[in-house]
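Lettered A, B, C and D in written order, each chain numbered from 1.
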Amino acid sequence: MSEFQQKCTLLARDCLAPDVVRLTFQAPKIAVTARPGQFVMVRVIDGLDPLLRRPFSIHRSSADGTISLLFKVIGKGTEILAQRCVGDQLDLVGPLGKGFDFSGEQPVCLIGGGMGIAPLLFLAEQLEQSGRETQKDHVLLGARNKDELAPLAEEFSALGYAVQLASDDGSVGHKGFIPDLLDFVLPSVEQVYTCGPHLMMENIVGQCQQAEVSCQVSLETHMACGMGACLGCTVHGKRGLVHVCKQGPVFNADVLAWGEI
Amino acid sequence: MKEDYMNPAEEIVLCTGPDVRVQIGSLALRNPVMTASGTFGYAREFENLVDLERLGAIVVKGISLQPKPGNPPPRVVETACGMLNAIGLENVGVDRFIAGKMKYLRSLTTPVVVNILGDSVEEYGEIARRLDGVEGVAALEVNISCPNVKKGGVAFGTMPEMAARVTEAVREASGLPLIVKLSPNVTDIVLMAKAVEEAGADAVSLINTLIGMAIDPMSRKPRLANVIGGLSGPAIKPVALRMVWQVAQAVALPVIGIGGITTADDAVEFMLAGASAIQVGTANFYDPSAAENIVQGITGYLQQQGEDRLVDIIGTLKTGMA
Amino acid sequence: MKEDYMNPAEEIVLCTGPDVRVQIGSLALRNPVMTASGTFGYAREFENLVDLERLGAIVVKGISLQPKPGNPPPRVVETACGMLNAIGLENVGVDRFIAGKMKYLRSLTTPVVVNILGDSVEEYGEIARRLDGVEGVAALEVNISCPNVKKGGVAFGTMPEMAARVTEAVREASGLPLIVKLSPNVTDIVLMAKAVEEAGADAVSLINTLIGMAIDPMSRKPRLANVIGGLSGPAIKPVALRMVWQVAQAVALPVIGIGGITTADDAVEFMLAGASAIQVGTANFYDPSAAENIVQGITGYLQQQGEDRLVDIIGTLKTGMA
Amino acid sequence: MSEFQQKCTLLARDCLAPDVVRLTFQAPKIAVTARPGQFVMVRVIDGLDPLLRRPFSIHRSSADGTISLLFKVIGKGTEILAQRCVGDQLDLVGPLGKGFDFSGEQPVCLIGGGMGIAPLLFLAEQLEQSGRETQKDHVLLGARNKDELAPLAEEFSALGYAVQLASDDGSVGHKGFIPDLLDFVLPSVEQVYTCGPHLMMENIVGQCQQAEVSCQVSLETHMACGMGACLGCTVHGKRGLVHVCKQGPVFNADVLAWGEI
């Protein structure tokens, strides 16, 4: 495993919803090494405010040396990032962390909530490229509304997956919570991959445990360094604290102490 | 792997340029740029991003006698031009450190300084004893910003007598060069520096973090599970620089400057104020190449100023009216 | 004149919204937002930019017995998310202040707090005596971060006994509500707060500036003619908040929070930590509308949190694990 | 006198030289009130680094409600300012300070060095609009080279002034120091207005004193507030310290203690 610090040119900036942005960077070294579930630390500005880099999952990584990030504007850092112009050079460090383990051949289910969808597209693409029959795999995506979901859903569909949607306002798919959809899917899959809001993941992990289906989750915590140096990114594991940036962000759900995280 | 920003011309400068070697007591450094404890892990974390052989020295994460799990999360939060941390001194303990981390560190030619911490005077002594004679340990840095459990949790670093006793205990237990790292959370840091000087320290390093706090207005909870934490980063640089200047004037020991250093100019400020070396802390997080860039930038500064040797600028701040 | 950012709907909120009045001892404020000494001149400087009648109180620039010319320039320098100042307490002296500045200040309905400073205990007492009974002076704020000339220049604010003596002297000389402003450059600010509480203060305000320094690498000179100066601005907010929290838990007096406050969220953080009011300092420089915006933002916060009265949130920080 | 805090839209951004930029803002209230020699405090960024506003002389102020600034990129703040995009909204406070006194009718000389030229164009325009015969007035401008000087020189010429130039590299006009040109001009003028590097102004003030010609200078100091509140902007006057932001930036040269400033 190797990571790089690179000045990366911003190649494209698409707004999927008013506050949901997809950025594509020229990042050859990162793109070549990245695996689904890994992330990058982005310096959103050259100045000192905000000071720390921001972590984002790699949403797409392409053989042409580009990577994409998909994120929602929620605070100072993402606001600045969303306003960077095509042509700007940003300083990225990555790929970082431990990604998804997707060596199996049995049907799987990818479950993304909100921006948790970001790493799953990269995973979906890699799964598809491994030559499997993606029609047997399931993709469940949830977000606030149709605007946010539609463009992403199409990209999963284009890869051949059976995609089901849930939206908070019912503007597309099931109105409500994504885990509601899981009942019907769990019996036919051997592995669940999920990323999204904590409550959603907790619920999914519970269902998986009952159904005895293996589940990998991608976690978010506040990170100062992203590479195991600050020890700031801990969460409670069953056998003590674990560091999300190095031991994760993807964990086998069983190792985590869900009640305390 | 680090993106190679340097062109060949600059490479040559590094070979033929000014002499940037410095001396911290008996510890000779190829350049004054060290990485600060707790911000550079055990160095290996940065091996792909930084040429570790270019650093002046590496100070590893603080080591205690027994392993420590650290504080519950959240442990870090960003503040204006700074950050708060309440890691709680998580570490594997001195024995596992020696067994598990020293092998890699020994493989580097860069001197390794081990930062140590304890709950009691005896514990400091004991850790020092276990590290004494361990191959590859170039010096000890004693973190006295820890609470003295026997004295109701008052930090060793806030009382001159307690700081002196810790220094003596380590001095007795080990022949290694002894750096005492001072806390800035005191009325008079010069008193602290003098106390550890008399107690046998070979150098002082300063500053450790300022104690701070942040609150989330929405949840009405502290942003750190530990409520309070240590403030670091560019925000604290002016305080650190002032303290380094005060201490450098008051003691004969070499002083190592720490606090918010991000650029070569920052490093030079500390050296003009009297520091013989500096440590890069929080900057490693937001710019892993900071320490390496500072090494290069110091060379550039000396050339621009027409100086042949870095040691000649230490403490040359002009404070007269002229 | 201030650009009118508010629309009529927001205006109405101000009339019918939550109760934001607070009490500092006997001093009743229409809202908790004061302007900090030395950052708002004598208020008139801002009359075209700020609606002075919307502020909770105005604290004027520190006043001494005799006029003071202040330090030679340069006196201010920017730092990361902060600034250093070494104004040197330039002011017109108490008599010219009363004669020249009070008339305008009296014309405002906003309470005026006079910040005072001295070289000796007697001088503090004498200024307080001259201000006692002056129409329009609502309270005194005693700046104890000044050097005690008789004690070799050690700041009054770094020794509990000296701080207590200043407090007593002012207490004796004046019946005005008495706020003592604490220095953060101490090992234990709680000790200082307790000392002035016992000595008769009605409230404490904190923090004054941290002592810092900056150097110009090119000229090798300090950036301030005075070499060291006071660090203020967002950079120091975490330290200020921690100290306010510690002091609010330890004393019964109302606490006024100061340090880096720029937004309503910042102000709320201090109030959750236990402050009954807050002061906006450096932010007045980079955003003259900061104080007014904070007043409005606090109202918005209370509405969002479903609170009817600001006083109900003071000190409600949740530090338990729950 | 009244000043305003306004969010001003950036209307135009011209590069006169690689590091010399002219920005034009929609700033109706400031434009209407501004007088030559006054300045604005600009917040170059919404974040907190750099923290303080930056002071810039008003370079032009027009009846259509726009003002222009002319500045050189010398550090962090000006670098960010130079990169702001047309359409951006910046927070300006102004007009601030005491401007030039230009009530007289006798011939005058305007002397600008480097970015000290900025306030003089506004002054030249106002003088011209007051209906005087600008051919009798002199304008001496100095800068590093032709690139920097030419566009500005033309604008003064267009107003009818007799313009003389000096450049460090001799690429236009006199090669060398602007004050060298003053000898020939001083006898024919009653008032000098100058803004530029300290050494240049000190030299000019000396020549004016000898020739008994009144001289107004515009000073620069570090400023935290720009409106008389911080007391940070002092320089040495003959009768004690003076505050540049409020008592200046334009001073009658006689009141200043030139040796100590």
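Criterion: a residue touches a chain if its C-beta (ideal position, glycine included) is under 8 Å from a C-beta of that chain, and two chains touch if they have at least 3 such contacts.
All values reported here derive from a predicted model rather than from experimental measurement.
Novice: Between A-B and B-D, name the chain pair that shares the greater number of C-beta pairs in contact.
Specialist: Result: the pair with more contacts is A-B.
Novice: Could you find the chain whose CA centre sits the greatest distance from that of chain A?
Specialist: D
Novice: How many angstrom lie between the CA centroids of chain B and chain C, rounded to a whole number?
Specialist: 34
Novice: How many Å are there between the centre of chain B and the centre of chain D, using C-alpha atoms for each centre?
Specialist: Their C-alpha centroids are separated by 46 Å.
Novice: Using mean CA coordinates as chain centres, what's the gap between chain A and chain D in Å?
Specialist: One centre to the other, that is 53 Å.
Novice: Among the residues of chain B, which are close enough to touch at least two other chains?
Specialist: 80-82, 233-234 - these are the residues of chain B that touch more than one other chain.
Novice: Considering chain A alone, which of its residues make contact with at least two other chains?
Specialist: 48-50
Novice: Just say which it is for the chain contacts: an open line, a closed ring, a star, complete, or other.
Specialist: complete
Novice: Mind listing the chain B positions that touch chain A in their complex?
Specialist: Per the touch definition, chain B meets chain A at residues 1-3, 38-41, 45-46, 48-49, 61, 69-70, 72-78, 80-83, 85, 87, 90, 233-234, 262, 282, 284-289.
Novice: State the interface residues of chain C toward chain A in the complex, per the touch definition above.
Specialist: 80-81
Novice: Applying the document's contact rule, which stretches of chain D touch chain C when the two form their complex?
Specialist: 2-7, 29, 43, 48-53, 91, 93, 221-225, 227-236, 240-241
Novice: Quick check on the complex: what are the chain D residues that touch chain B?
Specialist: 48-49
Novice: If you look only at chain D, which of its residues touch chain A in the complex?
Specialist: 45, 47-50, 76, 80, 85
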